[in-house]
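In what follows, chain A forms one complex with chain B and a second complex with chain C.
What follows is the complex of A and B.
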């Protein structure tokens, strides 16, 4: 604490003058509730993690992870969650592959070009609006767009002229929108933090702007971008609403069309989130044990992504919004 | 090299120009997307609004019955049923969001002040991953714990049999309630507010709080009166972000609030908090299987349109709040 107090100006100074001042009842209550709030947050997190650990070890088995889900009233025959696990991985990869380049591109344009400035302002607030839009609204908007007949190559034609509008492609595209604001934000901040003279040095060497961006600025901001991407992936992994509406949330991954690989992307499927949702008491599966097991795996993935963020940001300023 | 110079420079200039246009087009596509989204959703939602007029927002009748009548509309387009009074959903959304944001703001302010100035070093080091973890836990896991642990606890232990009997002709109390929804939602939105507030409080210049200390106030006062006030725009921004999150939370709320289109009555006293409800976003998830039924789908898009407008207004409000306060205080970013 003492080392910390020295590094933090006001805390250090204030703690030293603490003896001389008066603490009214209100101040004491305030301080006590601040302690309580901090401890409460720790307790809630500990309760969630420990409870999920307990349930996870109780119900999770290798067999569950490596068997396909089957339809069946008897829970011992309804299989595991291999397909949802694959679905989660596939969907995350697709959405990240779309969101990362687009997000970085937008961030680069906003920080490095940003002309006309009116448009830049509008794009900034546009990104904010996308961030504020509920994912369920994005999902049913996506359904509306991708059911147009001419976009049926992204899913498949349910009836002639009308696309089914639900597939890994479609869900991945809409999913990329929920990761986009995080990536734009992180990349912008990283680009902003590069001092002006770095750019000027590059121009002085005869580089133009775009090669400065590619050779100097992007490599220098890769940590920030990495953080944004990892945070975005966490969002994608955890989203349920888009999967329910746009991936069909079918029991098994259900490829459509003849071309292997592509047929998977055009087909419907499910992810761990919808598997948990459908196996909870509100869904049709009605198997809380399996829901717990899948939720445990989901939580592990999320914690792993968090750990990645930790690794990337280690040794940098202790920002809490990252 | 010297001879090639001007030409190369010209070509370079062109690639640079092209890159700028390309990236600019990419950025402008975001605006196009939003325009499309608003246009598409509203066009699809229009029949529902047009048929009901302002009564759409009003109360009246049983919403679940109205929805099933819409779902079972005759197949002839001229006979489609659209009659709907969405008040219970709007009310439940406002109620649950409002209470959670108020609770979350208080909790996160206290936690942020604790973290910035009072927590011992080891506790601060624990709280950072804790806050990040709470923010990252998927809503379906919150929902699962809510429906399998908290709801049964309230249903069996907290809500007495007399209380259940007292309203049994109106609504079943089984633990799925706005109270559980509010509690879980508060836990979900608090971390993001804590993170933003901590960063904002940290960016308050040390000299400001030192000045307060020099005037003889204690640490708590200095932070509360000077620090919190200076960080106000960021705190407003955090609250708005949290409100947007809460408004859009669908999965968790559809799992734990009982998903009954019922407007809880504050006159019921404490029972009020144990009554079930359903929010707009949860309604869309619940109705997502019926989207292909035309009038029903259009009704769902009407709910989405309302959410879209609210979240757009929130973004605008956040921008306005930050701009108006930037003159006097520390601006976020």
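What follows is the complex of A and C.
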């Protein structure tokens, strides 16, 4: 009784960390380190958020968000980060629009068809390899591919026969590879968790595989897919290497060609990540205060995406007995 | 939480073993609230059961008379999964106006037989099939499989409504792929009728738009019946439809089954022999893939011809 009555409140916590009733010394040390690690992680997260909050509120202003960045060594003359913010949003939308359908398609094919099984295994390892490849490697590879002359419509022709290979299109395509494995994984897990008899119930009503996938399986995996997409968007928002190599990380968004809209996508630009890098003390170090403000906005976007994931996964999805 | 911990007898064991310096892991002890109920043997004591306590007579649900019309038949149906023979040369008839119960111990092939009738077995890559299955005299292999499955509906062991509204679940089988989409108004009479036939309409008529997965297990299973009935099947296959349900839901579903048998030929696989007695007209007993005995329900349960059947229906194995 006594040991357990204590288990509420700090004294009980202490007695548990010390090892409760009959724990061996190894177990006590293990438990104590687990507690310590957990608390440390919370402290680190809190420190990041609080520090960025402090810095962010100190330097952030609406003017920064709504003005274009300008060249200038003086912080008072270097403008805001409207262009990087637009770049982050545009790149995220492009990459997600590519990654979501392709990722869901791959997941559906792997779980519902998966034949020939050799090809399915190859696709699985392919997804794993893409997931494990550093984004800078993906970026260099992208440059190699998209500088081919016949792909110049995705960026623009730098010299005759050679494409420039840097644009929102190109960066978005390679960026989609970063989100793809997360979407494939989440969608596969969601599809796997649907019991076989649910599929069979649809077949037993005279439906074929396609309509079963469209009308039953995909709606039932909406949560899983949504979670994967939101996590993937988080990765896209946070990536720097691909932006530096494939988007140019220019000061301002720089449209190319005469067609409005399309010219934006064919042109170069930057995102919040490269803006932070370029203005931070480790980069060119032009405007550290603006770097903090932009980093704060970046953090807000990522936290908002995490919140969306929480909203999606909260509550219960469809549940059947196996 | 604390009161629960107290029941674990922690203090008692602590005092007992305090001297030994170590404590055993907590053991949960439960004190019985009342002495167990034990049935006392009859006083006449000669081991014979008095007349009043004799085994209850066969209980059957009251059923309307319906003419039996043959709808499906299997001829020397043989199904194997790889090397393993699951169904061995079974010939059976399925008639409208009757309920046919397939009984037998686990692994006897009754579910495989049932799933072959709407060619759901074809989905198992290792399955091979011999013999013939006829629907109204036509070989089912000649049918388009989606067309066959509209005529031969199926209900599963676990309720499995789709993640959509009650209305959409019932309308699911009626909605066609492609451009011609029947409107909700056009579907409504068929949906309502199917819910009526499954005995669910009164319970759900006010919330047809609610998600089907929020219904209780018994309601979900009746919704699945309604979903099958909506496409107007001629044969309905039931694979242990009540095994996941409570007795009250089971009773409702059994009544539904008996009421449906005049319009639809029904085959039910069940582990529950009492259920087979209650709902079936004919019973097929299978054992290790073989059809051992087929006959009217009274005959199979009270005067089985085969020794195996006698042992099984009297509880000798199972």
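Going forward, the second predicted complex is superposed on the first by the 288 of 322 C-alpha atoms of A that agree within 3 Å, B and C clash if a C-alpha of one lies under 4 Å from a C-alpha of the other, contacts with A are read in each partner's own complex, and residues count from 1 in each chain.
Quick note on the criterion: a contact is a pair of C-beta atoms (placed from the backbone, for glycine too) under 8 Å apart; a residue touches a chain by one contact, two chains touch by 3 or more.
Bear in mind that the values here come from a model prediction, so they are computed numbers and not experimental data.
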| item | value |
| --- | --- |
| Residue contacts with chain A in the superposition, chain B compared against chain C | B |
| First, second, both or neither for A:53, with chain B first and chain C second | neither |
| Chain B versus chain C as contact partner of A:31, first or second or both or neither | first |
| First (chain B), second (chain C), both or neither touched by A:304 | neither |
| Touched partner set for A:203, first chain B, second chain C, both or neither | second |
| Chain B versus chain C as contact partner of A:102, first or second or both or neither | first |
| First (chain B), second (chain C), both or neither touched by A:22 | both |
| First (chain B), second (chain C), both or neither touched by A:128 | first |
| On chain A, positions contacted by chain B and by chain C | 1, 3-4, 21-22, 208, 210, 318-321 |
| Chain A-touching residues of chain C, taken from the complex the two chains share | 2, 5-6, 10-11, 22-23, 25, 118, 120, 123, 146-150, 153-154, 156-160, 162-164, 172-173, 177, 213, 224, 227-228, 231, 244 |
| Parts of chain A lying in touch with chain B, wherever the complex brings them together | 1, 3-4, 8-11, 13-15, 17-18, 20-23, 27, 30-31, 33-38, 40-42, 44-45, 48-49, 51-52, 102, 105-106, 108-110, 113, 115, 119-120, 122-123, 125-141, 143-145, 177, 180, 208-210, 213, 234, 237-241, 244-245, 273, 276-277, 280-282, 288, 291-292, 295, 298-299, 302-303, 305-306, 309-310, 318-321 |
| Chain B - residues contacting chain A, complex | 12-13, 15-16, 19-20, 22-24, 26-28, 30-31, 33-34, 36-37, 40-41, 44, 107-108, 110-111, 113-121, 123-124, 126-134, 136-141, 143-145, 147-149, 187, 190-191, 194-196, 198-199, 206, 209-210, 213, 216-222, 224, 241, 244, 247-251, 254-255, 259, 281, 284-285, 288, 291, 300-301, 304, 307-308, 311-312, 314-316, 318-319 |
| Sites on chain A touched by chain C in the complex | 1, 3-5, 21-22, 195, 197-198, 200-208, 210-211, 215-216, 219-220, 317-322 |
